[in-house]
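Just passing along the structure, written as structure tokens.
Letters are used for the chains, namely A, B, C, D, E and F, taken in the order the chains are written, and counting of residues starts over at 1 for each.
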């Protein structure tokens, strides 16, 4: 297999069966470097559901994608062999079964030395991914976490696992190193002051919007921490962006990042061993003209750029 | 309390806090006859989620409602004392907890001799309602069931309870009398011929669209069975209507009922002891200009007409 | 001027400045038979405003219109000289001033022996039109009135004139002959039984949806009354149609007419002296893909067919 | 290959890479009976473009499809081996090149004795399909043609080939037998009386909406002509349906077919040798909640039922 | 009454009858500090109507609201007793009656020493509010006015009062102190140079977008004037924001504020005696996915923060 | 003719037949300075079509336009005589014929010493405009080009002319002086590094988004090159803006310009001899609430400001 995207000069970009970036379909056993996959599950959401349709819509929007990254000066799909491995099996009405399926699926993938970029799904999918990665790598991961929300919230309605608690569990289970965790884009009213206890206690680095806007974006990106040792994971909740840029999401919060800021940050991150990433909480039923899906595609492409470092 | 809707001459219909039909808010203990309530849960859906937002949107659309039923020649809100008792508590990400809460809530209500019309939620909410009614009335209920789907499907992904299996469980648990069960609006491709086994085995009366259209609607409604003995429940899945009339739903099926047919059928039903009803599967994120919510309002009003018989 | 629509073979139908049916722009003084005009006023609505944008959107949708009426076997734009005379001036926030402007504008037009088809606006615009016609013709007019609502309602919030009272005033002011008034499409819950008093007292012929559906549409249209003496006016409230066919309106009511039924009725009406007509209550902000505007265009074209009899 | 749709019990219907009816992907050389394919081209439209996105959206909507046809009592995907062969290559901005590609692609397919159901694209794609079929079968084809429009129009803007002229060319080129051509759903204003000359001269059987509604649909379908000798083609323009049922199309015409009528007609057609079919003019940008795509899926499934006869 | 918002842990945020911020319903006589209320009137608009639906939609969007203000380090709903007092009565088709009702309603409220945050309605509602406040406080108020437009325009169509003239009347009637009036966000083409005369003559402080962008937002907010003596009112026209951030409004103007800028300005304002505020011109029919309503909620919460100073 | 826009005080802005900025309709022969016109052609697009509807929608949105430019301190419609000359004829399905018609139409216009601002259409319309201008002025033009894309791409599918190649042809045909060509807003992934060869070889000045954001916008605009000799053309592809600001376009690219930045750049450009301009790639079917059309109106007004220098 040659792992090249279907050319727009052969089939126009609106045509052909939709895969991520028009890449060939592969199985985890095949000879590629980076897998694109969907994890269509939204059974952990507290407000607007619908992220289960995100992988399908992001595949469609990714038809517009091209491969040469101007800033990096590289044809990413030539540097890395990439493929669409389809969707991870999920059970829309059972979080526990789904967690088990995600963990197995990802573990199977990474145990073959593959890296991956997953399209969620809501943010509850990240926890079983991290469990699989911890099992593979044996050490807590570094984490880069874009979000409007802290995602360290307690159980809700007697349910430990939901889309606002992945980071708390990830740290409590030792999957993630809090001292090497960076949050970006956090903002908005909280339920109470206690919401801040967890990140303060665990010394998580939290860049609120005020931190991101404390200086010009050119200056800010120079202050990003480096992730030069140990495996690193990147989880991108699309609501880190402002609703003007990403309206199609489940719990939008005004006052967020612009796409340009996201691009600058992602291009400036120094990550020596990125092992996987996800883009979550795209909710197509609340999008218009697929602008949110298109931003998700852009983020996935920038993440591929980090993987190519 | 006088249980009269807020007049549009006092507050225009776009104004005021939204309750069903602009009725006063009450608690189950209050002195009314019929409760309107929401059961915002969509954790049982297999395709498009979002019915959790239906109670809110149906309340809004019901602002256009008026009380005099022309065909029946009665002011329904004068004949019956009606109130909005708010929403039944639910847990969006846990079907088992939600089932327990629904059963308790409905049982508490009917044990006070109240009747009710509930706005779902997906169709999985009907099973715990029926459990509560069986507990209250002690006998299997008669059932009038509008739907595009049979809802007698087997477990999916190892999950017994979902939005396509309520009727199977209701019959297997003895909550409903299959010989006094009438389905209306059924149509569309099936997964396999075995899908028909359950209703055939249990001798459920199933009116497909072909049955409804076998003659003029005026003739057809004269052939409706009567439900003159025993408590009767009515469950109205909005997808019984054609997608042209009710686009805002999770699993639409072309070739369905028109609103006029639904009105004629509901006005012609002879039901001597209707104890409760639901309207389910309205999914506002897929609606436009609230036409589906408005149809749900219309159905709820016609059901109130049956309760007034 | 040749009063021919701009051909789609010269300028594609999506192009050119938008006039009704791509007709030339004229002034009331010019030498045409039938004027198309807009009356963009929605200051009489009780629920969803927005009909002020209908003339503009209907002009756009009418670009798809063609001139040969198959059933009548005639090129209507050849038989009658038609023109777009622009919009009647209105004051969006003052009903009284607007009524005066409409009455003057229409009187000026009909005093020059012109006929017209107007695009509203909400239904409150019909009253000043009828005043102008009464002034011109000196006798109460016959009226054909498509609507879901009776429009004989009393004052609201101390306001005599609103979009639900035009017919009451028209009869009370002697503008319309109730014995030669036909209502079609009426349905839906009423505020109270007293809502029926006016039409009963004045012996208005009211065809409810049940009347329209009492037999096949082919049979029903044969029972339409004839309007063979005296000037006749036709007022078409788009909510006479079902919300599935005309979602873009302010106070939709489920269970209404289909476009085919409307076409059959309009083609079967025997009217010897139609002097004017309106199509009102199209509300583009609640439409989708302009299907409601397109129905309005269709109705206007069928009315032109009646004018050509 | 087993040519079975991916089960919804394995992967929920919102998940997995989207193919028609979740069928496996195949090449024309593979061992199947019926190919589903897309022909994404809208370079022949005179008003609203966008049908190029229909194959993608119809694939997505077909995820809801199931295989057991109740009326026929058969599992269609078991009776016939079906596959998705992807999209025919097209050139969005060059009709001539596209015609050549379509003709080659279809000829290659049918020369391997395959049958097919194609999703357009606008109606201009049907002509090169018919050219390929004529080349294969050597005789003019019988044609069943659902549409609001006659599609026998002359050249426009000096362009012979566009979405309103396919039938004229097909007959002039001898691809189709006019005496075995049936049009269904025709309606709406024409440019002039001359528009009728072609079908009258060639004695095409044209069922207008008045013909379809001349009696009950049960009676009407019994009058359908049989196509018992010679190869037959079926071309379904989605605008044959009323805009209430199929808003997502380029040139909608009020007063059209309902989905139920279409189902009844398709189930009643007697066609002994159907060799191919298309569903065209679905325009997703003007659809809402994919109800038009879903109708297209329904039509494709009913056509498969005819192929299984 | 405890004046606490309904917890999302008790009822999920999509459920329950919708009040502002899920606060309890109260009457003006009750023992609270700050009233949230709706003033659903859009009878003063010159272009797109529909703001009458804003209170209902903002109530719905405010379900996502939480109470702890990070920047201020306070639980605002604990510091201040807040309640939803429903909607002020209005007459949709009569501005004069509505003005009288608003003035009475607000005066009744403030005469009981309550403060309030009102959701309009169009900007014409602010004038009767200011009249009530002047009556209560006896002195001209300080005014903080976010808007794209000056709102000092002359009478239109012989109507003195409309949504573009409130500030002119407020100053001419002596309700507002022009020397203590600050406008923010002003921009866009004017009808003529004379439009600037009023603010220049009255020495109103007008911060155009160029003024807001003259330096970094961090620097700009340090230059905000203080309002340390006398009662102050804040009127927030949502079109002060750019249409990308607030598309759902009646007369959008490109080039406006971002939500982040608004948050920074509102958090930096020094106002010692804020007595009331409004957020106006949200027009839900032109919104998508409620992003504009959500911004309105955010602004209301920030205003509550100022009230808590 | 007095070439003044229809006043909003005479006819409210939602009323009257829609022309650009409510200007009078004129023919190219009339006595005006600047023509507004539409060029409704989208036959050159590779992804989402629909720009053919832009002139109509931009005319509608321009109803909100006013004439006094605050920054320039001038009533532009008084300084320059402006008119709407309607649409250039086009052939939706034939690029070659359309190119010929555009070139003739523009040449006819400029040969009468008129300047113009055209609303496309897709970006393929710019090439025949430039051909007409070259013919008129005899020298290669200076070009100011806002876009996300370079538009120097090679032939696609054997088609030389499409919406991504206008600049390549303009330079190869000697219509434009590459040394006096400024691109602004360029960004996004490329197909390959070779995409940059053309602009590098021809020494085109290309301001990417990184260049625009290298300093504050106030500083950046001071670095804009001056165009003080020779005729200059300005081509504004609406996708130069970020999709948050201009969602209604065919090939959106995240990370683009804001409307404020565009306003600042357009107000700062020093152009002594602007001879024409276009705004292209507005695609109304993908817009919401016309925010993209409104931005196009804003850009056209700012360009008029440059023409008034």
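The working rule: contacts are C-beta pairs under 8 Å (C-beta built on N, C-alpha and C of every residue); 3 or more make two chains touch, one makes a residue touch a chain.
Since this is a predicted model, take the numbers as computed values, not measurements.
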Which chains are in contact with both chain D and chain F? A, C
Farthest chain from chain C, going by mean C-alpha coordinates, please. A
Interface residue overlap between copies chain A and chain D, same or different (over half shared): same
Which of the two pairs, A-B or C-D, is linked by more C-beta contacts? C-D
Pair from C-E, D-F or A-D with over half of its contact pairs in common with C-F: A-D
The distance between the C-alpha centres of chain E and chain F, rounded to whole Å, is 37
Whole-angstrom distance, CA centroid of chain B to CA centroid of chain E, is 40
What whole-number Å value describes the gap between the mean CA coordinates of chain D and chain E? 55
Can you tell me which residues of chain F touch two or more of the remaining chains? 12, 14, 46, 48, 52-53, 91-92, 156-157, 216, 242, 244, 286, 288
Take each protein chain as a node, join two nodes whenever their chains touch, and name the resulting shape: line, ring, star, complete or other. other
If you go through all the chains, which pairs of them touch? A-B, A-D, A-E, A-F, B-C, B-D, B-E, C-D, C-E, C-F, D-F, E-F
Can you tell me which positions in chain D touch chain A when the two form their complex? 10-12, 14-19, 25, 38, 40, 52-53, 55-56, 59-60, 84, 86-87, 89-92
Where on chain B does chain C make contact in their complex? 8-9, 12-14, 64-71, 73, 75, 216-218, 242, 244-245, 258-260, 263, 288-289, 291, 294-295, 298, 301
In the complex with chain E, residue positions of chain A that touch it: 46-48, 156-157, 187-193, 195-196, 208-210, 213-214, 242-244, 247-248, 251-252, 254-256, 286-288
Which bits of chain E are touching chain C when the two form their complex? 42-46, 48-50, 52-53, 91-95, 97, 156-159, 162, 285-286
